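Here the chain labels run A, B, C, D and E in written order, and each chain numbers its own residues starting at 1.
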Amino acid sequence: DTDVKFALDWKFEGPSAPYFVAIDKGYYKAEGLNVTVDTGPGSVAGIARVAAGTYPLGFFDINSLVKFRDQNPDKAVKAIMMVYDKPPFAIATTTKTGIAKPKDLEGKVLGAPAADGAFAQWKAFVKENAIDDSKVKIENIGFPVREPMLADGKVDAITGFSFSMYFNLLQRNLKPEDIKVMLMSDYGLVLYGNAIMVNPDFAKANPKVVEGFVRATLKGVQDTIKDPESAIKSVMKRNETADEKTELARLKMALRDNFVTPWVKENGLGGVDMTRLAKSIDQIGITYDFKVKPKAEDVFTSEFLPPAADRKL
Amino acid sequence: MNTHTIERLSPWLFTIAMFLIWEVICRGFRVDPFILPAPSQIFVAMAQYWWPLAKNSFVTLWTTLAGFALAVVFGIVLGIVVGWSRTIYRGLYPVMIGFNSVPKVAVVPILVIWFGIGEIPAILTAFLISFFPIVVNVATGLSTIEPELEDVLRALGAKKLDIMLKIGIPRTQPYLFGSLKVAITLAFVGTVVSETIAANAGLGFLMVQAGSNFQMPLVFAGLLLLAAEGIIMYAIFAYVESYFVGWAFRSSMSAGG
Amino acid sequence: MTAFVDIDDVTLIYKGANGGVHALDRFSVSIRKGEFAAVVGPSGCGKSSLMKLVTGLLPPDFGKIAIEGTTVHGPVKMAGMAFQNPNLLPWRKVIDNVLLPLEIVQPHRSRFRKEKERYRAEAEALLATVGLAGFGDRFPWELSGGMQQRVSLCRALIHQPALLMLDEPFAALDAFTREELWCVLRDLWQKIGFTVILVTHDLREATFLADKIHMMSARPGRLVLTKEVPFPRPRPIEVCFEPAFTDIVHELRAKIGEVRKG
Amino acid sequence: MNTHTIERLSPWLFTIAMFLIWEVICRGFRVDPFILPAPSQIFVAMAQYWWPLAKNSFVTLWTTLAGFALAVVFGIVLGIVVGWSRTIYRGLYPVMIGFNSVPKVAVVPILVIWFGIGEIPAILTAFLISFFPIVVNVATGLSTIEPELEDVLRALGAKKLDIMLKIGIPRTQPYLFGSLKVAITLAFVGTVVSETIAANAGLGFLMVQAGSNFQMPLVFAGLLLLAAEGIIMYAIFAYVESYFVGWAFRSSMSAGG
Amino acid sequence: MTAFVDIDDVTLIYKGANGGVHALDRFSVSIRKGEFAAVVGPSGCGKSSLMKLVTGLLPPDFGKIAIEGTTVHGPVKMAGMAFQNPNLLPWRKVIDNVLLPLEIVQPHRSRFRKEKERYRAEAEALLATVGLAGFGDRFPWELSGGMQQRVSLCRALIHQPALLMLDEPFAALDAFTREELWCVLRDLWQKIGFTVILVTHDLREATFLADKIHMMSARPGRLVLTKEVPFPRPRPIEVCFEPAFTDIVHELRAKIGEVRKG
């Protein structure tokens, strides 16, 4: 068997179920792969690790990849399979702040970790929703204090991943009906979310391995979508301290919002619409000054995807 | 209860008092358990997750000790080198200060690229973060040797290295042990920092995972275990120290002996 | 016969933040191999400095010092020195303090590990001759001032150096212990035949022990007198009560009195 | 070129040598710039972003100094208290070791909740992270006072505090300065850690922002500035130290003076 | 008249890792106010320990010590002490070492800041009387052994203590400097009238200065003899050459010789 190290962007949580399902059900094995999955410290550091070859394959935010490619045009890391057709980037708030739509953020305080992937899209969000961002006070608050500060009313809204913030807020004894999560994708953002990425040298040297990995992962995703309840068991085996109910709910939320979008239902898993991807790169340009703007083909290739028929739900 | 008993019990009394105050503050001021859980909640989490905690504590402990051992050896050698030559002292010190002013989080990614994730970056981070206090105290000890004592050896035709080993190091031992106490705490910090970024085990790993699920009592359980490991190491040093440097704690005011 | 220790026209000036101190001024003395030389002089005249110059711990500002014909640059290896302060290492037991030179000086150094037991026995024996039997396992700070000084003397003697430098080695001792140690030193010297330079304030001590007594003026230290002591060897302690002995002591005493004022 | 000149120039020579080696390694081994940018790239970034770098450096500098000043005062006082009583020594030391084994990242959220984001948590983090080495060296200095010197004051009927101030502190000064060098580097680390979590300014804030845009040369420019600030503080100490503790560096081997 | 210092049946045993040392054994002496007492005895007999007991630096194991009728528990405040080692603080200049007691002892302490200049002048003057004029601004380690000892003497005297404890204060000095300082001490004592306890190995020193000489046996230190010195006050230095003086010295000497052996 070929050993393959696969890096996640974050810890072992509900949405990481597909890979563990693929392991536990022997899908990787069937492709002749011996896959090990590692946690990660976020997309930024993770992409660097894939680019440096520490990991041949990883699961990271494609928007970060766009920036990485812009800063390092000679490092041809590419996404090969889209997983989050819609990104989990969101703005969370509580009902008592009275914020119901993006425009309501004016005059309020927004708490955002400087390194947050969702906050990175803030300016695009502002533009799409015609918010006067001079009226929004932004505070850099780190991840550990983000939800507590919202719950304490020290900030009125926070940016982050929908399925992190929502459950963290629940944990803080907020009731589901008190929490409002606005997915940025629902408010004009055309961005994609996390995708599987590959180190270019590895891909060139082992195209079969990469193809096999994608195939098996797709089966894992399909199984997870079909049966989240049993899929979550594979996560729980690997995270002894997690709470199964929470993780299952988190997974279901991710499946609903990020995995299984209308576009995916129609076109199948794993692929992208290259025009939308190109548009999303333009949208990143709102928040970020490109040196040499990468093209859609620079960040995504479908060459390792199985035929569309195999990718249907 | 005589003074001696009070002295023997005082670490326990202080610790218990601290936990009590902590509990009272948490309850009295209704501190949000997501900010600072009360000790009682932490102990519950500890009981509930004792196995993952134990397993990961052990990983953190041994990686820290490995890094710390490196730091001790390297710190003493570098201290001697720095104490050896004024040119090296003056040249190397600023560089070391600069390096140490930089948070080691910035160094971990580099280590990860070179050594992969896991124990090695943790060991190296623990080492990199903890050698400096040792160097400083050894070098200070060497450069403040009383010339009177130095002359005793020089008059015998002793080489500089002899003087360092026979006088410099022994007389600075109390401070060397002091620096070890500082260094071991830093080593733990280094390991944990590295584990939060790049590991699949260890208390740092466990705490980020728990933190990302907002299981704050579990995070604090990890912190307490970390503290406990630091204290155990300290107890070991204190024992070794009392054996080696009793001569220095002759003062009636001595708190060390 | 050429000099074993040749101090030739040596000047020493200590530099300090508050002006230099002129410690020695054109000081010349030469000492034969196997000679027992004593140096006397008022407090602060530069005796201890002279000792440091001879052992190479300090470089002279002018003039030169040669031992066995070679000019001294940096610490010499053949000397054993008892400093004015005992300077014992507080982290070492008395016996380990005495053994220190053996850990440094060849050929003992390379043998030290193997023959530790023998060396320890030697050190214990030496301690016993100065009246410190049974104190080997104590720490220096558990000893009285005079006892520490005796340990320091043992440390200077243990490796049987060719040149023995003693800086007021008996100052902290009572008259009887002192006289006892005079005899110990005399006998050792007679037996082994090393060269000794002894700094002392006790004129009787100088006269009893030395072949030649060199007297220094007040700071800056100059040589004002060299007195040959005529008593034959071996000298019994009773020599101290002879009138000729007392005469020498009185002569020296009178001379010092003069020198101090001048 | 005489020894003195070499000595004077050695900090510069070492620094330049370090940068050269770094540059050569980066080029020779083709180290990816997103892992470890070469100094030349960093200097380009520095020139390009000099204004934000300068602005944020200043914020970091003053918050660090404020935290450090607190740490010095508190560290010396606590050192005296710990040196004062064996009971306190034995009781407090383990608690302090435990506290210091915990990464301060874990404490910042608590500070943020209580004090809001901005400079105060940064100052407090710098303080919390840096007082311990000072305590250790002051306490060690006090408990290793030679009884002979102590007796000089006791014979005059001096109080314990007199003995501490007239003997304990002066004789431990070389080590106190040593610990300040360790403490200032930790203070910088503390400030930056806090800034990355909760601040709208400072080098820590700037570096996270730059990092999330993959501008590694800018991140490293921030790190270099941090190092530079540490070195400047060190230079100030070294100057003050040479004034205060010249007496201790009498040894011919002394590298300190 | 009641005793100023009353040492009553005192026993002192040092505990150590290697067995205790019995330093003093049922030692009793009482000293009148204004008396000049000398203590002599062989090296290691417990003289320095006795000094520490009297000033309260050490507690006795048995017996008790009273000063002016009050039992000593812990350091007494009226004493000035010159230790056997100079024990100067290396980070303080000579003058600041001498001034140290004034920073501690009342009433000087509260005045010290204000009247610093006057105190400095006093200290300089005192240094001059011991032959150290102009050395105030140096550091102790820039001084010779004998000079350090003189600084230490100044430090014991500066605050004019009611009880002056001197532990071999002249051991490192040459005969002339020593005699000069005898006279300095004698005059000061005559003028101010403090009580002095002087430990010394120099029997002439004891006989010249003291009213009473207490002789101790070898360890464990017992009182073996108290010798009253009959010469009238003020004593000129010439008294040392009187036959009666020499007789006393010889008598003491003979006694010590006996005691050491026994």
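A few remarks follow.
One rule holds in what follows: a contact is a pair of C-beta atoms (placed from the backbone, for glycine too) under 8 Å apart; a residue touches a chain by one contact, two chains touch by 3 or more.
Predicted, not measured: the structure shown is a model, and the values here were computed from it.
Interface comparison, D-E versus A-D: the pair with the greater number of contacting C-beta pairs is A-D. Among the remaining chains, the Cα-based centre furthest from that of chain E is the centre of A. In this assembly, the C-alpha centroid of chain B lies 16 Å from the C-alpha centroid of chain D. Chain A and chain C, compared by their mean Cα positions, are separated by 84 Å. Centre-to-centre spacing of chain C and chain D amounts to 49 Å, using the average Cα coordinate of each chain. Chain geometry summary: the mean Cα position of chain A and that of chain D are 39 Å apart. Contact of a single residue of chain D with at least two other chains is seen at positions 32, 35, 105, 109, 113, 147-148, 154, 248, 250.
In chain A, the residues that reach two or more other chains under the touch definition are 48, 52, 143-144, 148, 152.
In chain E, the residues touching two or more other chains are 85, 141. Those residues of chain D whose C-beta lies close enough to touch chain B in the complex are 3, 6-8, 10-11, 13-15, 18, 32, 35-36, 82-95, 97-106, 109-110, 113, 132-133, 136-137, 139-140, 142-147, 150, 154, 160, 163-164, 168, 174-175, 177-179, 181-182, 184-186, 188-189, 192-193, 204, 207, 219, 223, 226-231, 233-235, 238, 248-257. By the touch rule above, chain B contacts chain A in their complex via residues 32, 34-35, 49, 51-52, 109, 112-113, 116-117, 196-198, 200, 205-206, 208-215, 218.
Contact residues of chain B toward chain C in the complex are 148-149, 151-158, 162, 166-167, 170-171, 173, 245, 247-248, 250.
Remark: chain A residues 10-13, 38-39, 41, 45, 48-49, 52, 54, 143-144, 147-148, 151-152, 164, 167-168, 171-172, 239-243, 246 touch chain B in the complex.
Residues 14, 16, 18, 21, 40-44, 46-49, 84-85, 131, 137-138, 142-147, 150, 168, 171-178, 201, 203, 253, 256-257, 260 of chain C touch chain E in their complex.
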